[in-house]
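Data block below; observations after.
We just call them A, B, C and D in the order they show up, numbering each chain from 1.
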Amino acid sequence: MRRVAFIGAGRMGQTIAYSALMDGIADEALIFDIVANVPQRFSDELIHALSTARVDTRVIGTNAIEDIKEADLVVISAGKPRLPDQSRTAVFADNAKVMMALAKELPMRNPHATYIVVTNPVDYMASIFMKSSGKYTISTGAQVENMRMRSFIAQRLGVPVTSVNGFAGGEHGENLSIFWDTVTVNGIPFDEASGGALKRDEVASYVKGIAAQVIAALGGTSWGPSRAIGDIISSFAKNKNKVLSIAAPMKYKDEVIHVSRPTVVGNPIGPTLEAALSSADRKDIDAAAGRMYKEYKELLKTLQ
Amino acid sequence: MRRVAFIGAGRMGQTIAYSALMDGIADEALIFDIVANVPQRFSDELIHALSTARVDTRVIGTNAIEDIKEADLVVISAGKPRLPDQSRTAVFADNAKVMMALAKELPMRNPHATYIVVTNPVDYMASIFMKSSGKYTISTGAQVENMRMRSFIAQRLGVPVTSVNGFAGGEHGENLSIFWDTVTVNGIPFDEASGGALKRDEVASYVKGIAAQVIAALGGTSWGPSRAIGDIISSFAKNKNKVLSIAAPMKYKDEVIHVSRPTVVGNPIGPTLEAALSSADRKDIDAAAGRMYKEYKELLKTLQ
Amino acid sequence: MRRVAFIGAGRMGQTIAYSALMDGIADEALIFDIVANVPQRFSDELIHALSTARVDTRVIGTNAIEDIKEADLVVISAGKPRLPDQSRTAVFADNAKVMMALAKELPMRNPHATYIVVTNPVDYMASIFMKSSGKYTISTGAQVENMRMRSFIAQRLGVPVTSVNGFAGGEHGENLSIFWDTVTVNGIPFDEASGGALKRDEVASYVKGIAAQVIAALGGTSWGPSRAIGDIISSFAKNKNKVLSIAAPMKYKDEVIHVSRPTVVGNPIGPTLEAALSSADRKDIDAAAGRMYKEYKELLKTLQ
Amino acid sequence: MRRVAFIGAGRMGQTIAYSALMDGIADEALIFDIVANVPQRFSDELIHALSTARVDTRVIGTNAIEDIKEADLVVISAGKPRLPDQSRTAVFADNAKVMMALAKELPMRNPHATYIVVTNPVDYMASIFMKSSGKYTISTGAQVENMRMRSFIAQRLGVPVTSVNGFAGGEHGENLSIFWDTVTVNGIPFDEASGGALKRDEVASYVKGIAAQVIAALGGTSWGPSRAIGDIISSFAKNKNKVLSIAAPMKYKDEVIHVSRPTVVGNPIGPTLEAALSSADRKDIDAAAGRMYKEYKELLKTLQ
């Protein structure tokens, strides 16, 4: 991996770039934002931090989209953040316009790049960007929910987080699916390992509700998602082939949509592990795909 | 991951333990070898090295197999090394006896452990240990060939090794399969990326032949396999879910055999990605399984 | 290092805790802030991030200062941030009161802790906390300016940042000293290495001015200082004995003041390398100490 | 740091190169040894291991000393290893000839390199190489004894090794000095911290005797010294400025000798912390310098 571009240097964009670059993923990092001075001064901050970490990455901040060129990877967090009283879908229209505008600018100068979308509502934004640009695009999907699930189980059962495995996916938010047949503690299936001390419902409730609580207290989530997204970027950039719960493109009827599934993240991205999931877990994915397709089609209409 | 046991502190065993423990995988490491003083003094060496790396792991070296208990992971490298003029199968009988002896001692004191076999011929030794012990056992399989393939392609095409992806597997040695439909450079299929500058045969020839050349020059391979095996251990112990080309148990007719396939390495181990491979690549696995089953059955007869 | 407490979960406190904890410095982290829900929800964010990084650290967020106990290290960032139009000294009075309040609460419950102060104006706040608490306290001092200097030289001369060495220190802000006789590029003294392509004045100007520019553009500095402070914490917690430009206590006339000097950061902290600096560089430290003592005494009067 | 050369690919040379290169210290590594095929095949092993670790370093193995050129750092481990029944000085004559031969070949092609000598008797060999080559040369000195001391204290007192600090130095072997006034556990002076549970003599006895025991059991030391030497290389190559107990050149009467002292290891190397040690600890260094100078002068006579 040689050149990585970050489109958007807001709270999330900054935290993602910081987390990912500390892993030593790039020879050169390009930081773009429309706000004057922000990408330049954030680049200064990054250079100071990289200097401490002894990571040799050149960093260039710019307000000119023309400077974003020949990247191997483009990470898009531009757009409006989700406000405390907003649903993920409420920002759809505004951010879709941002995606479409970027889809006109980025592909011609970054023809060989893989595109990772972080902007919310993330799965739909990835679909919009891919549809508009014609470029291979992934959504960072449910990977952060995945890690929230593991951290909560570890904490509640009093085991190291390295003892917990398992995946979440499907659709974001209230309809998120935990793929329970994949969840284990020290290799033992969840229900047996928890022995009733922790119920599935409690886990699901935490994973679905914690983002809103963090937003209410801190004004937004950043550290959890950013470290999770940094991990996706790092696994791609270094061809680590980790299985992460991202949303790679899925052909569904007449559209390409993005539904989170355990997926091998290297370069190229894939395959998904969907075929290896239990039928119960696969049903959850199918149901999510159906719902998301329907909602996506309706949202697309609002753009015209 | 709390406690990891290393059975065998010869050249390979030492290099594996050193490489894996530097990753911070264990609170406690148990080192066993039958040679007096060797595991104790090697433990001293490890403690000195861990001290430098600021890794807080207790290390205990012992000649008493009874001291190997309550481990979460047992890594077995005990046995005779492959000599320069030996085939992998030539050491079968001697090392099978070692496996069977260990299978009597280890399971009762380490009932919840996952077992990783490194002793050559590695896939057969894993099958023998699993058959004798009744415990879930993997072979480290073709993961080192996998990385040899990537390193050779990177070197010859003048790209960073992080640009190369792809898997090798099936059977060891002369019959190793490179799963060519998975091999890419910067995400581009191998043949297109190499543009004829590097032929499939050259890659296969290097991957199949380099171990013998290293053995001839250095008396044995150690650094490459050990770092690859350390990566397997680390992915298991930290639930990283990396896809690595190990040999997890495969039911085949009346036996459980070990054939290398791209496999998700977390705790628990699996699934394999076999279903996602191309039909050409899957055929190679089937053929390898057939050959290995047959040879294994014949070798088993020699034990009686 | 077993237990690390972070007092203050504002922008800087959060970024420091995130950066330091990712290095695996603690078995348990305590996060305190007076704002309801903030430390608790930030702890959730940390747990999610640590889960991704496979770092096994328990994290507890609290609004009750009584919960901060038996820590080995206490990092204090509580207080008001420096606003765009403020000088570092303008916030002295308000933050001094915070230090004095904390000095009544923390030492009795954390008697064996080392205290690191980050709150601005940092050197004075460290002196105030140490004076009020009687506990050994350091200021994170000029370490971030140190790394800013190296990063700027690297960038302008087109060399990797790992090629640049050297220290800055003395007093913060306009009166900062670069210890020019320590500055090298690939081991060659700065003036010779730069060959006139980069002047001392340009370096000094960047290092002294960049924080204000970042504050103007981003509303505050965070990434650069936090990674630098995380490095200080990590070097202390793991006894790495790195030489960093922190401000350890210095007896000066009738007070203990904090003046930045290259200092060995292990546990315990020290010695400084002041005696090994050139006489020109030492004179800068003496001058800074004189100025800072005088200003500190005057500021102390304003507290009565 | 761009190019690092390793002269000697024996047991120690291999372990050092492996340990150092895994830290990502070089864009290019050159491996030299006189034995046909050994550096080439060891380079293959390194490439396989680096591939697993996702470290992008080119590695070139060669039997032609002319290929070792334009290095920034040259690490010399060539020479005869210390046999079980040999004293460190017994190999002086043979290895001095190796140093003198290398001093004729390396400086002209590597004029800007820093030289690190590992070959035993290490301090004398560094002095011989520096005297013969006119190039700045350090000995890796007592850094491994330093870490052995810390690891033993940690183990015996049942504390994490990250809790222990302190330095050893002076002369190797029977006459090694532990600088007791620097030794602490959780920041508390050793005698107070150990409370009599562990005596200074026991620590000294372990540190002085363990190498011989390891050699007796394993045929040589490798893991402990190599990780310690890798840390020295890494601190130099990345300008980390860690304080390590190496032996930098010391003018003594009419010679430059190498005596281990706590020393800042960046590029350039230095200063030493000798001035900050207690007078008791400094006396040990003076005594060591006197003894070593005398022995060195006598050994030099045997070369004529």
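FYI, a residue touches a chain if its C-beta (ideal position, glycine included) is under 8 Å from a C-beta of that chain, and two chains touch if they have at least 3 such contacts.
These numbers come from a predicted model, not from an experiment.
Counting only chains that touch, the fewest steps needed to get from chain A to chain D is 1.
The minimum number of touch steps separating chain A from chain C is 1.
Chain centres were defined as the mean of their Cα atoms; on that basis the chain farthest from chain D turns out to be A. Rounded to a whole number, the gap between the C-alpha centres of chain A and chain B is 33 angstrom. Chain geometry summary: the mean Cα position of chain B and that of chain C are 46 Å apart. Residue positions of chain C touching 2 or more other chains: 54, 160, 162, 238-240. Residue ranges of chain A in contact with chain D, taken from their complex: 24, 54, 238-240.
Put simply, chain C touches chain A in their complex at residues 14, 18, 22, 36-38, 40-42, 44-56, 58, 144, 147-148, 150-152, 154-155, 160-162, 210, 213-214, 216-218, 221-228, 230-231. Residues 1-2, 72, 112, 114, 160, 162-165, 184, 186-187, 237-244, 264, 266-268, 270-271, 273, 275-276 of chain A are the ones that touch chain B when the two sit in their complex.
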